[in-house]
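Paired with chain B in one complex and with chain C in the other, chain A is shared by the two complexes that follow.
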Partner chain A sequence: MLPDFASVIPESKEDALAYLSSLKSAKIFAGGTDLLVKMRRGESYSHIVDITRIRDIKVISDHGETINIGALSTHYEISVNQIISEKALSLAQACGWVGSPAIRNMGTIGGNLVNASPAADSLAPLLIHDADVVLESKDGTRRMRLEDFILAPYKTDIQPHEILTFITIKGLPGYREGYKRVTKRAAWAISRLSIAWAIQEKGGFYKDVKLAIGSCTPMPFRPRKVEDSLKDRAKDEKTIQVAVGEIIDEIIKVSGMRPSFVYKIPVVKALLEDILKG
Partner chain B sequence: MKKIDFTLNGKQTILDVEDNETLLHALREKLDIKSVKEGCSIGECGACTVLIDNEPHYSCLTLASKVSGHDVKTVEFLGDENLLHPLQEAFITYGAVQCGYCTPGMLLAAYSLLLKNEHPTDTDIKEAISGNLCRCTGYIQIVEAIRNAAGLCKCNS
Partner chain C sequence: MVGSNRKRIDVIDKVLGKPVFAGDMKADRLLFAVVYRSPRPHAWIKSIDVSEALAQPGIVKVITGEDIPGKKQFGVIKKDQPCLAEGRVRYVGEPILLIVGETENAARKAMSSVKIHFEDIEAIRDPFTAEKSGTLIHEDGNLLGHRKVIKGNVERGFAESDVIVEHTYSTTWLDHGFMETEAGVGYLDDAGRIVVVSSTQNIHYKMKEISRVLGISEDMVRVIQSTTGGGFGGKLDVTVELFLALAVYYTKRPVMMRFTREESFVSNTKRHPLYIEYKTGAKKDGSIQAVKVTIIGDTGPYISYGETVCLRVAVHSTGPYEVPNVHADSRMFYTNNPVCGAMRGFGVPQLAFAHESQMDAVARILNMDPLDIRLKNGLRKGSSTATSQILHDSVGFIDTLKKIEPFWRERKKSSHTSGFGIGCMFYGCGNTAISNPAKCHLRLTDDGKIALHSGVCEIGQGSDTILWQILLETLKIDEKNVVLVRGDTDTSSDVGSTSASRQTYISGKAVYEAARKLNRYLDEKGYYRGRSLGDIYEEARTENNVIFDGYFDPPTTQLDMETSEGAPYATYAFATHMTEVEVDDKTGVCLVKRVHAAHDVGKAVNPRLVKGQVYGGVAMGIGLALMEEFIPGKSESLDNYYMPTSMDMPEIEVFIVEDEEPTGPFGAKGVGEPALIPQAASIINGIQDAVGVKPSQLPCHIERLKKLIEDKKSERRQEP
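Entry: the complex of A and B
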């Protein structure tokens, strides 16, 4: 059995925020795939606010340059969503790899971000799409960059009375985009490392390159310096070798030389080369 | 305590559940549906799989209070000992059942796939059952059974 708790199941965001501001040790419940596992291991809360009936934070909507992703969208819903597939393919692909079919039907992207596992598949794609998170409480709404929201592995800036309601991303239509991950087995596995990319090229030159590498550094990271240096550079062997070398140096600078790097570094190198060559 | 009103295997069902009660517990202990198994209890093995609105969910990580207004199916929906579903017949024919513990969940994952995809490839089948672990058969027989049942049943009619 789970530890004892009382739950409320509000139908509207306003009701949910009112409950959160009035209850002391209340925990937000969405897909349950992380929270109930933690509760089985002994974490307990006096109150659970089940937000899954709030319809307006379940919707994915296209606003031209940006896309609003309701935090309650499940990984499955994102993986098959047409807007996401057209303008943020790496995110659709990454969400299609999360856990198993049942986990993808249950787990939500908002829950995934609040849990803030450094190996979460959605993180690298969200970073290349310059994701912001929207946090709402009874006192108001704030928006922050995803990179600032996640403070450390499993630690975010969310406050006790807040709900992460939306994630806003920039669409990248027309980019060559994708997500690759390396795992111990083909499915139902946690990423050992992952890369999301979106690349725009013209006439043999890189126009815009966005890369994010997951599970090599404490937080998935974007090698922005290298991205900038690739702008208007000829797409040739030498450019690619130099860029990949600089990214590897940056990873080692951030993480130090980890034991796993004997394996990971050559793999990241080969993946990045493939990706940049396209 | 919450009163839930949902459809279980085609029948409207009204039930009182505790706030902290899982769907797995409610099905087994209050509705006597023992086909839904408790395995790992942390959403990894798939023995507790049920279909909610025809999609596989782990009932061990689903609060019973969440299914109000939804459609829940367990393996009892597929058939009974007098009239088995073609998927169940195929599991017998191809030796896809040994200890049987994973079988209800495996059948539901397969049924959910066939509702969406009448002619799945082996890759589609493996993907669909990737969240259901079987420690006896090695999966080959299960994939064969599902592949052969696919031609025989019109699941979505």
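Entry: the complex of A and C
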């Protein structure tokens, strides 16, 4: 049973922003795969602004170094998009694992980020691609780093009158890239943990390593110090052992020792070793 | 007809979306009822204030336990469970009030206006505490039942054994997770009778309970089965029926109930968690000499099918093997956990996990092949079971092993962490050591047809089609001349429940008996020489002979109260599953790759439906082995209770063994529960083969499996 609400379906971004600036307690519907679940649990909003008909924020476009992802791109669309597959493979793979086919067809990346679940599959890949989010309101546009946008699990910096319209990521063509997640069943499952990686190597040396580990820390974690220390290091067993050990130390530093780490730490360790070995 | 892959008789309608489920029903002035449930596991109810709830817009009636006109308790085995709790609640989810509103929204909203003052009592959370605690859940103590199976002399058996293997096993709660949640509609018919249409596995039982609770005669109650979207035992106990009857009784208006998934989870009975201590003794040649099993079960606060499970697990505790010395001790305790009831297999899938792990453990020590040790000990014609029942007919167990044998002998690991496991089972078809008959009748109709009146609840498994095939085969008649009148207490006799893998065997036989009588009659009257049914009907009517009934009650004996010696079932189904798994030792993820399943069903009335049962059983077995775990207070819905999806399914090849059962219709037995029972066991044995660890707790989900793998690694490191 859903609580009562009124809804509007604006056809343009301008109309949507106008509604948002004039309505109190309005909530944006960008696919509904999180919103409807919350409403069924009793969260109520007097007004729903359904933004799914705004065409220009559905587009994925290539701008050379960067890629613009319209916030209304569905998980399915991202998972099969050619630009994403070539320059941000981990994101395509991660979006291909979200929920079930029905959820991938309805749920959008913008909604996924605003919901800010720490287990969201898109987060780790977006982090290694240094994602920025673009937030628009009637008063103007602001851009911020994804890491700054998400304040805490399920909490972001979005303001009541704003729409998250675009996500900008840096393409990493030519990197060895991927996304691995661990779940309790083969599909339609929340990630128990996940890792996104993009690695550039040359002649037995690491040139650039980007890693993000999901579901171990309050938000997916990018071990930047270890990434920097791997630069120009020889790719050998010892380097890998040391790097993985440092990453695990950092995770424990961020989160403290959690009961789930009995499981997660050995798994992260084994997966990171595999990933760095390639 | 019998033995053919006839299309299910309901398939076209179901594909077209035509059948009406209870939750889709419509009626003028339809009310909606919801249940207010206890948020406390164990508490005194000090006061109930419904005045504010009653004052909410659209609220028609609030019903409490005091309002129940007849008997206040119900129960499928014993009448111990309050329909609406008075004075005390014993589990989270126990019904206290029934709120009837003009709409579902109104009724649900009013729930938050109910004021109940509770005073907590210590909650008993496990059977071990139940055994020792001074807190009694019921006046006569916390022990529901204690059953033993004793054969030979188990101590002598161990003394004569060369190896003894002893392990403990534990399992947890599971939810049935049927697709359609509990639902129904109740109304008064023109004669003022109470009619309940519901999603159920047993209409006659529900009819009797309604009559008792309302204090009215059975002929003032009619129960009709709506199209039912799965049961698995969860729709055997009363779900919505008594509430609907009470609401109709008081409002005189049609009333609907439809549980949300959350309500279904908190209210429905669960699979029994069992703690099993298992000791097996064997000679060097692999022959099992003795089995000692101690089973402690958590049945929750009310009986439901707890006694049934308590006995059935003891009787099945050796698995499908001939063991000369047996001592099984099974106790079931009350707790303040969810009520546990019937769920596909009545405890036997849990036991199969234990006895099959034991067989592999013995084989490993003796350096014997897991298939060979089963071939050596398997039940065959002339074998004596744990209850000293001699099996004379339809003992196809060894044949199921032989069907699997070529694949087993040729198995090849595809990686260093892949493995193969065997799981076997036997399962008594029908209720345990009690009379459990089915009745049906055939009627010649005035429009020149034959009507089969059946009280069998089709819950998706295909029983209507099976009965149809048995009828047509026996009558030797074209199906255009036959109609099925079904699932209605007004038009059918009691057939017992759709449970215990009994409908093909027992109701099938009743249909066969009725059809034989009619077949002879039709033959006498010249039907098979061309005379029309309409013509024969006219003559039959003048003879007052238009109804031909069939009856079958499988021959069983009562069991000795001390040793359980006797014949608890007339016949047993047998099966062997072989499962290939692939374990990721880094993450603890176990994928089930391929299953070969062989089932002795006596006679496959419809081989395709047998296979359908096995496919579903394998899916459920994957859930039992690897992921399903109902945690009281935490598992709220399918969001955090994981059941397998199609992506978890392996390739499955089904082999049918037909060792005909002489008392069954055309030799048929049952397969509904057998399809599930050996699956989890075969996965667990596969995991051991793959990564060398021995899971002792179900489900063996990724975290438990990873821990076993890590523990084994550190053991190895500690070795010099």
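Just so we're on the same page, the second predicted complex is superposed on the first by the 277 of 278 C-alpha atoms of A that agree within 3 Å, B and C clash if a C-alpha of one lies under 4 Å from a C-alpha of the other, contacts with A are read in each partner's own complex, and residues count from 1 in each chain.
Note that a contact is a pair of C-beta atoms (placed from the backbone, for glycine too) under 8 Å apart; a residue touches a chain by one contact, two chains touch by 3 or more.
Everything numeric here is computed off the predicted structure, so don't read it as measured data.
Undergrad: Which of the two partners, first being chain B and second being chain C, lies in contact with A:A102: first, second, both, or neither?
TA: A:A102 sits against chain B, while chain C stays out of touch.
Undergrad: First (chain B), second (chain C), both or neither: which does A:Y263 touch?
TA: In the superposition, A:Y263 touches chain C alone.
Undergrad: For A:F5, using the defined touch cut-off, is the partner it touches chain B, chain C, both, or neither? Pick first, second, both or neither.
TA: It touches chain B, and chain C stays clear.
Undergrad: Should A:T33 be classified as contacting the first partner (chain B), the second (chain C), both, or neither?
TA: first
Undergrad: Mind working out whether A:V182 is in touch with chain B, chain C, both or neither, as first, second, both or neither?
TA: second
Undergrad: Check the residue A:R192 against both partner chains and state whether it touches chain B (first), chain C (second), both, or neither.
TA: A:R192: touches chain C, not chain B.
Undergrad: After the superposition on A, what does A:D274 contact: first (chain B), second (chain C), both or neither?
TA: Once the two structures are laid over each other on A, A:D274 reaches chain C alone.
Undergrad: Considering only touches as defined above, state whether A:D50 meets chain B (first), chain C (second), both or neither.
TA: first
Undergrad: In the superposed arrangement, does chain B or chain C reach more residues of chain A?
TA: Looking at chain B versus chain C, the one contacting more residues of chain A is B.
Undergrad: In the overlaid three-chain picture, which partner chain does A:D157 touch, first (chain B) or second (chain C), both, or neither?
TA: Touch status of A:D157: no partner.
Undergrad: Between chain B and chain C, which residues of chain A are contacted by each of them?
TA: Common interface on chain A, chain B vs chain C: 1, 37, 100, 187-188.
Undergrad: Chain C touches which residues of chain A in the complex?
TA: 1, 37, 100, 182-189, 192, 262-263, 266-267, 270-271, 274
Undergrad: Write out the stretch or stretches of chain B touching chain A in their complex.
TA: For chain B paired with chain A, touching residues are 2, 19-22, 25, 41-44, 46, 49, 52, 55-58, 60-63, 65-66, 109, 112, 126-128, 130-132.
Undergrad: Contact residues on chain A for chain B in the complex?
TA: So the residues of chain A in touch with chain B come to 1-7, 9, 29, 32-33, 36-37, 40, 48, 50, 52, 76, 99-103, 105-106, 187-188.
Undergrad: Report the residues of chain C in contact with chain A in the complex, numbered from low to high.
TA: 104-105, 108, 586-589, 591, 626-627, 639, 642-645, 647-648, 701-703, 706-707, 710
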